[in-house]
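What follows is a group of structures, each given as structure tokens.
The two complexes that follow have subunit A in common; it is paired with subunit B in the first and with subunit C in the second.
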Partner chain A sequence: MIEARNSDTLLDVLGLHTYFYTYEGVVKAVNSVSYKLNRGEITGLVGESGSGKSVTAQSIIRLVKAPGKIVEGEVWLDGQDLMSCSETEMQTIRGRKISMIFQEPRAALNPLFTVGDQISRVIQLREGCSRSVAETHAVEMMRAVEIADPDRRANAYPHEMSGGMCQRVMVAMALSANPLLLIADEPTTGLDVTVQAQVLDLIRLRVKSAGSACLFITHDLGVVAELCERVIVMYAGRVVEQGPVAEIFSNPRHPYTQGLIASTLRVDIDKPISTIPGTVPDAVHLPSGCTFHPRCPFAEELCQLEEPQMVEAGHGHLTRCHIVSGRIEREMLEEAWTMETA
Partner chain B sequence: MRLLQYVAKRLLQLIPVLLGVSVIIFSISHVLPGNPVYLFVGIDTTPEEIEAITKRLGLDKPLHEQYFIWLGNVLRGDLGDSWFTSESVAQDLIRRFPATFEMTTVALMVSIALGVPLGVLSAVYRNSWIDNISRGITLLGVSVPSFWLGLLLIYVLFFLLRIFPPPSGRIGLLVSPPDRITGLYLVDSLVTGNWKAFTSSAEHLALPVITQALVTLAPITRLMRSSMLEVLGSEYIQAARANGVPDRQIYFRDALRNALLAPLTFVALVYGNLLGGSVVLERIFSWPGIGRYALESIVVKDYNAVQGFVLLAAVLYVLVFLIVDILYFVIDPRITA
Partner chain C sequence: MTNANGEAFVQIRNLRKDFPIRVGMFSHVRLRAVDDISFDIPKGATMGLVGESGCGKTTAGRCLLRLIEPTSGEIRMGEHNLSDLKSEQVARMRGRMQMVFQDPGGSLTPRMTIGAILREPLDLHTNLNAHEKDQRVRELLTQVGLQPDHLSRYPHQFSGGQQQRIGVARAIATHPEFIVLDEPTSALDVSVRGQILRLLTRLQEELGLTYLFISHDLSVIKHTCNQVAVMYLGRIVEIGSTEDIFGSPSHPYTQALLSAVPIPDPAQRGKERLKLPGEVPSPIDLPPGCRLYSRCPYRRDACLEPGPPLLQVGESHKAACILVDENLRIGGSNTAALSQLA
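Coming up: the complex of A and B.
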């Protein structure tokens, strides 16, 4: 281990492998992923669609859908090994120690029950309190996430509320637990900008005041820069770079991260949007060696032959690239990205 | 309140539907070629006599007038007389319908009571032994024709094993039927405390019910399984799990209600069809229901009887769908009045 284990670490993921056994072959959705989350910190998990972010989150709470399987790895939450917990134990951890907010708030709410019913049910389940106490608590939580007129709204069904309102309900449900770990899987995708900012504020406020850790999944680097202390970059099931946000954004070492940041910056300066050339590889037939090599402007022969190892590239800054590790001697020029326009 | 409003609205909507149905039924029997008067006359009837009968039957009037006369009669409960049984068609149908209703309703209840849990279990324990059993039953029910199944069950359960009585109708030959209250033997015998009639009619119900239930069970199980699987794979179930909801609650509280929605329409369809009587099964089990009545009426060209039967079947269909619509309204808040 490169970083010493310290008491601020809440979640420690070690060598996690989650595979899907499909008819086309084995999809290595999460491939040897390791990272730590600290208390009181929000960590962004970024990467293009299909890079394994959601499956990473599902693996932590052990809710990977068939034909997916956690093949290998350790997940330590607050000193407890989640991989060796029984399913019954996991049920008491989910919704208590770990809460999750989903990407599609309306789809994540049961259409046949009122939102008040759904929040208070989770509270009742957890606290073992009476129904009426739970209902009161649910209304309080709805008020806390700034849902106007919560008494009345508690009796509304999901289809009667806007997407933003539904997301607040999900946030209320997740935060009612005072979880040690909050996982938010693209919680603001599809919400308009103001609502998005409000939801982010809510999450930030609660995480900071409760001292919990938050894994914030997004493909929006702007949100990461604004919200997160640390960032993890995933590509094709692997973590390719991770570290403090300030460090990674000012000094990205992995070509993929550089590409992501370059394409974001171009949006900001209002030039034609450029993305990294090529597409995310077919999950069943991953490229040999460094999985990024078909799209990497700096790739050399070694990149096709040998997989790079994670190396330290600065304080708390880890990168998986042959150039960074010194196996390939070469300069990475920023112009490599600015030349590519689509 | 909301519910009452919805029911009222649906009932109002039924009026044009039923009127449409009545027009269609009337047209079919009156537009068809052939003069029904010939059914009432012999070979040696004079044209004058034929004309007189035509007048007496009102068949000389314009078609729309005939329709309104007929509709008025129908609304008074007069479906005309059957020339075959020489009784009023309404009376005939009222006498026979309880037999069909009792058999099909019990059969449907049995297939729901078995099919829903079986479908749920085979979705929850996908690819386990219980899933395989349910797949076997499903395959049997879908691929075996009901008449063959009925005959097979009679052969095994009556002829070989003597578990059930012979297929001789609704009740034992030596047992007198219970006093008629509803016409449903099970209900009437229970209400009047006629234990002997109750056991005998229950025994006689068994074979036709088992046959019918096996046939309906198959698609219900299959639909329930696929519906449950779809719901279990949904985002809100994943979210409920992420909130620590235990499996039992996931299945029975979060998933089941949603999973019931899809098969409900199918059940209505099946029930609506069954209430029109099963010609095949009523025949095999000598069951005095309206399916057999319809068949016999068709064979002897008893127009009034056929028309009355079709009208009853259509009304029952509409009623079943009314009830199912109301159920949907109660279960699913997304449906607005």
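Coming up: the complex of A and C.
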């Protein structure tokens, strides 16, 4: 990495490779992924289905399910090497130092216990306090995530609550341990926009007040623009671009990021419907060279032959493209995305 | 999409759908999923039906095609009064009105080849011979941008975007005049969504189709529809041209919905928003007044009286809010007046 390690860095992921060994072949779900997360910052991890964004998160907490395996790489959390921790040590790290919020709140909650019970269990585990103390604390946490009437709601079962309410419970549970790192995996996908706005406000407020770092996984660039300080863009298992949010949105350098921004429809402006041609590649048979080349309107022969390296494009902005690195001389025109391809 | 003026091709009058909900061994309560909605769609135009989960937009769409039986109301398509037809007569009409579903994988039979899936509507609604059907299937595949030699493949061999192309091909197989599109792009990745939207626009122009486009995604509605109806808890709260709804939203719910959509531009972060507290209440046994009362920042006692009806805001623009009426009389814009009241 180009930046020097600074004291604000909480999580440092270096050359992470996670592969899935399937009958069809090896799926390189996470392929040489490196990034840092800073304290008090929300970092958006963006990509389409199959880009490896969720597996990246699972790799950090070492919860990759078979046939997946972390093949290579280092993950440092606050100076501690997570890859060399024993499973027992990892168990104390999960939930105490790293918490996770999942996409489907109802599936992540246990249907057999009340939500108050589930939150207080987390608190009991961390504090080692008595059950009644933990229960009081749980109600406070529910109040903090703006659940109306928390005393009564603590006795409700997940099926008695709406999706938005369940997601608040998940946020309460994840943050009750005051984690150093919060990983949120598409926490608002499936929620209505008015409720999404409430949950995003809540996550922003809680992360900032606790000074934790947050890795926010999403496919929605709108959410990234509203919530995050930094962005990491993944495509087919690789990080193709990363940097500060304002920089990436105003000056995207990788053609995939450009296409993604161009094809995001907006309610505030009229523009022609843009699209990236083709489809996400088959994970077992990835294209040679740059994995984006079959869909890239600017691709040349070199892109098929050689994989581009990550290069610095100014302002803490890293990208992986032969055109940016100067190996290919070519202009990237915005009009390329509005061409008829359907 | 095609700008169409002129006479209504699809006419909906006072459509209502109640579902009985069992509450005890013998007693039921009524859930009014669609409550007295009326609108017209001119030939070749697209009407957008937008709202959050549970607002009744899908139920309304299915009632239109009589896939579920409406409780009361009138549905006209061209010269036919669909609400008067017997179910056998409706079945015969099915070739002229079709539907594209949200989940492209789930709406294609996994055990049938693409050829068989596309041949089925032809078997049911046309008198073509085997050779002609075969030709039509190949023609359909080309029309939606797939290869004709794909017809012996099974649905799982296609990506989500390609599956939705097949869903569209099936819908247009019998030369329909009217298609209900129920969240056709919600399950698709951003980069592929544009491809399907462009395909739908192109087919509408080529085949003169009339669409009802159901979606929760305002940005998709904005880019595909000529007219928009906003639904909340079974009622249309605002209806008008796309410019009316997005340019001067007049119902507090529409305003809140629009302001909750994240804008993919970090420079616009922190813009002022109209926030709705709480969540959509249960649709069972609703009070007679405005449905938004429990969440509306501008509510007054008068809102609890039955109604409010859709009031004229502009030439083709109506909103169901008593504040609209007051403000129109004083000649001010609703948005400005609403913020004054707040």
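Please note the rule applied: the second predicted complex is superposed on the first by the 328 of 342 C-alpha atoms of A that agree within 3 Å, B and C clash if a C-alpha of one lies under 4 Å from a C-alpha of the other, contacts with A are read in each partner's own complex, and residues count from 1 in each chain.
Operating definition for what follows: a residue touches a chain if its C-beta (ideal position, glycine included) is under 8 Å from a C-beta of that chain, and two chains touch if they have at least 3 such contacts.
Since the structure is predicted, the reported quantities are computational estimates derived from the model, not experimental observations.
Counting residues of subunit A touched by each partner, subunit B versus subunit C, the larger count belongs to C. In the superposition on chain A, contact is made by A:Ala246 with subunit C only, not with subunit B. When the two structures are aligned on the shared chain, A:Ala225 is found in touch with subunit C, with no touch to subunit B. In the superposition on chain A, A:Val193 makes contact with subunit C only, while subunit B stays out of contact range.
Of all residues in subunit B, only 233-236, 238-247, 249, 254, 257-258, 331-334 touch subunit A in the complex they form. The part of subunit A that touches subunit C in the complex is made up of residues 48-49, 148, 162, 164-165, 192-198, 200, 219-227, 245-246, 249-250, 259-261, 263-268, 270, 273-277, 279-280, 295, 340-342. Of all residues in subunit A, those touching subunit B in their complex are 61, 63, 65, 88, 91-96, 98-100, 102, 104, 107-112, 114, 121-122, 125-126, 157, 159, 170, 173-174. Considering their complex, residues 52-53, 145, 159-162, 189-195, 197-199, 201-202, 216-220, 222-223, 246, 256-258, 260-269, 273, 275-276, 278-280 of subunit C touch subunit A.
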